[in-house]
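Order as written gives the chain letters A, B, C, D and E; numbering starts at 1 within each chain.
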Amino acid sequence: MKDSVGLPPGSLIHIGTKTSSPIQIHVIDYTKDHFEEKSVQNITECFPFRDTESITWITIDGIHDAGLIDSIGKHFGVHPIVLEDIMNTSQRPKMEIFDTYIYLVFKMLYRNESNHDIQAEQVSIILGKNFVISFQEDPGDIFDPIRQRIRTGKGRIRTMGADYLAYSLFDAVVDNYFIILEDIGEAIELVEDQILGNSEPETVRAIQTLKSDMIFLRKSIWPLREVVNCLMRGDSKLISKATGIYLRDVYDHTFQVIDTIETYRDMISGLFDIYMSSVSNKLNEVMKILTIFTTIFIPLTFVAGVYGMNFNSDASPLNMPELRWYFGYPMILTIMLLITLVMIWYFKRKKWI
Amino acid sequence: MKDSVGLPPGSLIHIGTKTSSPIQIHVIDYTKDHFEEKSVQNITECFPFRDTESITWITIDGIHDAGLIDSIGKHFGVHPIVLEDIMNTSQRPKMEIFDTYIYLVFKMLYRNESNHDIQAEQVSIILGKNFVISFQEDPGDIFDPIRQRIRTGKGRIRTMGADYLAYSLFDAVVDNYFIILEDIGEAIELVEDQILGNSEPETVRAIQTLKSDMIFLRKSIWPLREVVNCLMRGDSKLISKATGIYLRDVYDHTFQVIDTIETYRDMISGLFDIYMSSVSNKLNEVMKILTIFTTIFIPLTFVAGVYGMNFNSDASPLNMPELRWYFGYPMILTIMLLITLVMIWYFKRKKWI
Amino acid sequence: MKDSVGLPPGSLIHIGTKTSSPIQIHVIDYTKDHFEEKSVQNITECFPFRDTESITWITIDGIHDAGLIDSIGKHFGVHPIVLEDIMNTSQRPKMEIFDTYIYLVFKMLYRNESNHDIQAEQVSIILGKNFVISFQEDPGDIFDPIRQRIRTGKGRIRTMGADYLAYSLFDAVVDNYFIILEDIGEAIELVEDQILGNSEPETVRAIQTLKSDMIFLRKSIWPLREVVNCLMRGDSKLISKATGIYLRDVYDHTFQVIDTIETYRDMISGLFDIYMSSVSNKLNEVMKILTIFTTIFIPLTFVAGVYGMNFNSDASPLNMPELRWYFGYPMILTIMLLITLVMIWYFKRKKWI
Amino acid sequence: MKDSVGLPPGSLIHIGTKTSSPIQIHVIDYTKDHFEEKSVQNITECFPFRDTESITWITIDGIHDAGLIDSIGKHFGVHPIVLEDIMNTSQRPKMEIFDTYIYLVFKMLYRNESNHDIQAEQVSIILGKNFVISFQEDPGDIFDPIRQRIRTGKGRIRTMGADYLAYSLFDAVVDNYFIILEDIGEAIELVEDQILGNSEPETVRAIQTLKSDMIFLRKSIWPLREVVNCLMRGDSKLISKATGIYLRDVYDHTFQVIDTIETYRDMISGLFDIYMSSVSNKLNEVMKILTIFTTIFIPLTFVAGVYGMNFNSDASPLNMPELRWYFGYPMILTIMLLITLVMIWYFKRKKWI
Amino acid sequence: MKDSVGLPPGSLIHIGTKTSSPIQIHVIDYTKDHFEEKSVQNITECFPFRDTESITWITIDGIHDAGLIDSIGKHFGVHPIVLEDIMNTSQRPKMEIFDTYIYLVFKMLYRNESNHDIQAEQVSIILGKNFVISFQEDPGDIFDPIRQRIRTGKGRIRTMGADYLAYSLFDAVVDNYFIILEDIGEAIELVEDQILGNSEPETVRAIQTLKSDMIFLRKSIWPLREVVNCLMRGDSKLISKATGIYLRDVYDHTFQVIDTIETYRDMISGLFDIYMSSVSNKLNEVMKILTIFTTIFIPLTFVAGVYGMNFNSDASPLNMPELRWYFGYPMILTIMLLITLVMIWYFKRKKWI
């Protein structure tokens, strides 16, 4: 955010991971009977679609070109402050209803295959009458099944409006959260097994990573509830009643995702408890071994020490007569053995060994 | 959920434990004076009952046959998104009011006799005018007393509408929660006794299992409150005022269940505290034994060591004259005894022994 | 609750501690100028009072006789589901407004003199026009002062309606909570003193008992707030405006009770912290004693050990010449003394002794 | 509260610290142009002021005289249940709006100079048209600056109504909370320094005292928010719009006080964490010293022990030839020194010393 | 706050860090086409701007001159209680709507470069028709970019009203919070690295400082949400609808800031957990080293002690014949080596070394 401090509101400054890859623009235009799809070089090629009756879906992969965003904004009548939000990848999920369009922004989540980090990509959607414009940070997304459905005309998508298309995008993103959560669920189980097996100090780090993952997920997903709720309430005439029923479904899914996040949070904070109790148990075990050894050998060493004293047997017959007994040495060894046995019996009774 | 990602909404895909057992369909049809009950092979045999004035209860045991669900949906006018929900066993308890029917979904809970795991089976109910359709994952349920009451005409059930039947099913499920909770209450007491008795490391695992049981129960039951509240508010004309009074009762029961869950959560987190304090106390006890032994024997061993020094008595009369005294050895033994007694007195005063 | 699972709603089954003591029925009937009181054998003797203008208070001590409850229900027009609730002692405090009567249920709490357990007795009240019926589990209650006030005509009670009588019963129960809370407050202070004095492992158990007491109290009393609030809002014409002012007072008391419960909860969870820190401090103290002893004697024993070595002074004059010095032994004793003093000075500086 | 259990509501029983000091009654009567002040012996002397247009402020220092309270109640038309509340010092702060007056009760807090305990005195205010009656437990209060302002006519107070006077009293009490909080803030810093310096077991007690202070403050002040909010909403015509602006100010102050209390609570629970970590660190330090000493001296003592063995050099030349070497003793001493140096190097690398 | 206790409300007393630096007054006056800027010595020079149609922004750097504040208040019709708030730097962020102006107060935060303490400066804004008066404690602020935008006419600021100017100031302050938060984010990472590296006792202090920083930030920023929400709801006609859209943006930013604060709070409390587990692990490691050393050497020392006993071989051939064996000494050394190897194998199996 640092970069934008001090700039006038509505300044189109890209905030996010810098990239210089070329921006890709993709247009899909369809009605029940008609389908057209193309990649365009120049955004102006998309503009004629605005005024047709057919549904148009424009995908912009790359949000770092202020000029492009600005010209889209001007042509489709989008408020500068919305354009600023589109270019700023640190948005909180939210929805804003304007007279002629709805602005939706949320996070598409990926789990990095190699290091299991969770990565977020911001998706902005402008839903207008007959058109949907979706903005992403990078090429590549999870919307291919939707494109396929439009192409083949499978399901209801070709027969319904732009609001249903926007819903489908949203639904795909929420469905994808379940996959992320299942991955995390497996990671939690893995860490749990680690703790009960061995519990290295690194385990704390693993727990901590899971914790921040959950904090991150929560921050990304929690506000969605309000967003969908707001869409469902039908404050905008851009959302038809038929689509409303589907939104109710995505609302339930959002709730389920949030439920799972809360459950995982509980489980992860439980992990820390198990870890700490496992550390305590180990300390206890170490202490027991030390205590057993020390308490067995210390009296024995003392006995040996006593008979190592140099009392002069010439000076007095009272001075350590045992040293001069015939069975002195075996007797002392037997005494030592008895002490050891008593100790072992004691620890057995205490259930230490 | 993974399986359904990318599919168009309303796709009838079974999500849950896979099973290939045949689906059982059971129909009960009754009025105040009339009663009919049969198992049918083909769902179409049930369709005539839709338009009669008598109350019809259709039970479908098994939700993995998309064709069956689809044909029920078409005949009874159920929205595809509801059918999708019926086939997906990962639903959150919820209620959805449509114009001609109400869709209810919740969890029936069992406690596995052998390993005490809690198992959930999803129950979906379609409540229409004069008919109730209930969907379960497997044959076998807790509704037999209700069937018996319908058969014998005991209680009000034969004289009231389909809404009362739906209420009865719901009530039976909520009542069943109390049994689960009583089982868990006993398990909590068992673990508490274990901790105060012996507190093995496995106890942590037992506590953790109880904790996740509560998380699971909470997730399954908490949303019910909203569901019943919604039913009670009488937003739908399918719920009569007479049944509303009974719903108030089930609402109280739901609250009681949730109260108990919260109480158990408090108790279980208390268990962990007791466990940790029991571990700490044991460490303390181990430390005390070690300290007592070490502090008693270390000075004794030192004394023995001193008189084991080889100072040459020929070189100087100052060199360890004690070794040449007549009562040297008994004196030293007495000194050692005194040291031991002082130590024991000290630890007694400290209340360590 | 187990017993009632599977029964039709409204089934009159007694749920609670089984008792076979005879049910006692007591009637008080009064107006401003008139007072009548009697114990009756048969409930039918009370029925004539229903239609008189005088205020009638019927007390039923014992709720295990389904026939009795049923005949009262029939005569006074009480809904079967309310009768079921009256006989079920596991109710959550609640209030239900019907057209001709209000149903109130709450817990009367006692503290067992011998073992200090908190015991609850369920009180149900049916408040109708001109009559109050109160149901208790056992004979003996805290309402005698109210009876006395009615008998003597002290206070406003004889001049006001049945709603004021119901309020008085409720108020007496809430006032009684303060006594329970004062007892618990004293128990908390006792445990606090114990911890700071000695802190045996049993203390954890005592803390845990207090904790579950608070959980139990909270569960019994928390819902009352909603109950009184509901009464105060005057949704029923059975509650006069004059009584409403008094209800505001009992509402404040309920709040005060809940406040105190929350305060005690905070204090009790603080107790556990003190306990754990006291355990830690003890461990520290044990460790210090062990360390002081060991670190003082280990070097001394080492020195003694050195001069116990058998180096042959004949083989070399370098072999332990100290043993042959004139002041060898006193010198070594002095060195040992110095080591001890340095150690003691070190521990003093560390503030360990 | 115990004393009042079983009494009819509205019974005038003094509940609080018993006192027998005489009750002081003080009257201030003023308009913009007129000022009169006197101490009266008999409450009846105040009654004529009720019906004048001038503002009258009656202060009653002492609430243990039921007769006095009763006669005020009768004359000014105050409901008996309010009179009961005035005499009961265990009130929760609250406000009650009646037709002709408003009843306000809150706590005036003092910090005892000697032992730093926080003490509360209950202040009740009856605000009527043109009069304010304030009740306190003891003589002496924080309202002198207000009296001075009335006497000198400084500020707005002489030109505004009785509601402004009531506001001024309330404002003075809330302002006084800031002083208490500043004292506590200093106490928290003191304890924090103690922990980081020395952390005696008594520190836990100090933390615990601060904790209960905050619980007490919270209980006393939290409900005020609701009280002021209620006053501000202007539900009563006794509060003029002009005074409403000032109430908004006191509302902010109340919020600030509550904010500070919450902040302090967080800080105090943080103190306990620092304390526990300081105890843990000390244990670690003790353990390190023990370990360093033991691990350095144990091998040395072992070496000395070896050369204290009495193997017979006559029996075999293999039996401890070192004892007969020329440089045997210096060599062994050197070996011991080397062992010590290696140990010290090891501990240095571990950053223990 | 102590200074103001006992003063009449609306008393103009400066509460905050005392300063005697001269007060600086700066005026900017502009319309779309006109721009004027000057520093004035006397506040009266600003008064003519009140009645012009142009937008006037008066900046007062220094709030310790009651006379100045009073004369501004009188001229612009500001209520005395607002003037009191402006001079009191311990305000909670808030907004108050009056008929002819809106009063806004919030905190501008700086991070001290040297010691990283967070410092707050209170900013008060009076937004009237065509004018904005901003009050700060000291010269120097973060509003220079706004001044620059007005001077150069960049962005919308010159074409919009005084409400947009007030919004711009507010927005600049909220944007600045992000910088503070990024600094803190870095500090958290630093402390995390410290813990996992070395974790000195000072780390606790660092964690504690971060914790109080978050408490302070939370206190300063949390109430802003309500403030912006209140502004957005458009309760005042001083806020135009066009500016409302921008306020929605600043509302989102405020939410983002609060989200980040909550996330940081979670992370910081996680830090303490890692710290404590790192302390526990160190204790475990120390204990292991002690145990390994002790358990290896104690039996060896015992063996050496045994052969140091002075049993008289003349008295009996049973008395320690080993001492007279030819291979006695090497045998004993070998036995000692075996004991050591067994111990090392044991600890290897336990994964301690």
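Keep in mind that, in the parts below, a contact is a pair of C-beta atoms (placed from the backbone, for glycine too) under 8 Å apart; a residue touches a chain by one contact, two chains touch by 3 or more.
Computed from a prediction, not measured in an experiment: that's the story for all the values here.
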{"item": "Shared interface numbering between subunit E and subunit D [over half = same, under half = different]", "value": "different"}
{"item": "Relative orientation of copies subunit B and subunit D, as a Cα rotation angle in degrees, nearest 5", "value": "145"}
{"item": "Cα-centroid distance, subunit C relative to subunit E, in whole angstrom", "value": "41"}
{"item": "Between subunit D and subunit C, distance of the C-alpha-averaged centres to the nearest whole Å", "value": "25"}
{"item": "Junction residues of subunit E - those touching two or more other chains", "value": "276, 280, 283, 287, 290, 294, 298, 301, 305, 308-310, 320"}
{"item": "Chain contact graph, described as a line, ring, star, complete graph or other shape", "value": "ring"}
{"item": "Contacting residues of subunit D [partner subunit E, same complex]", "value": "142, 144-145, 149, 154-157, 168, 171-172, 175-176, 178-179, 182, 196, 245-246, 248-249, 252, 255-256, 259, 263, 266-267, 270, 273-274, 276-278, 280-281, 283-284, 287-288, 290-291, 294-295, 298-299, 301-302, 305-306, 308-312, 315-316, 318-320, 351-352"}
{"item": "Residue ranges of subunit A touching subunit E (in the complex, touch as defined)", "value": "1-2, 4-11, 79, 81, 84-85, 90-92, 94, 96, 198, 201, 204-205, 208, 211-212, 215, 219, 272, 275-276, 279-280, 282-283, 286-287, 289-290, 293-294, 297-298, 300-301, 304-305, 307-310, 313, 320, 323-330, 332"}
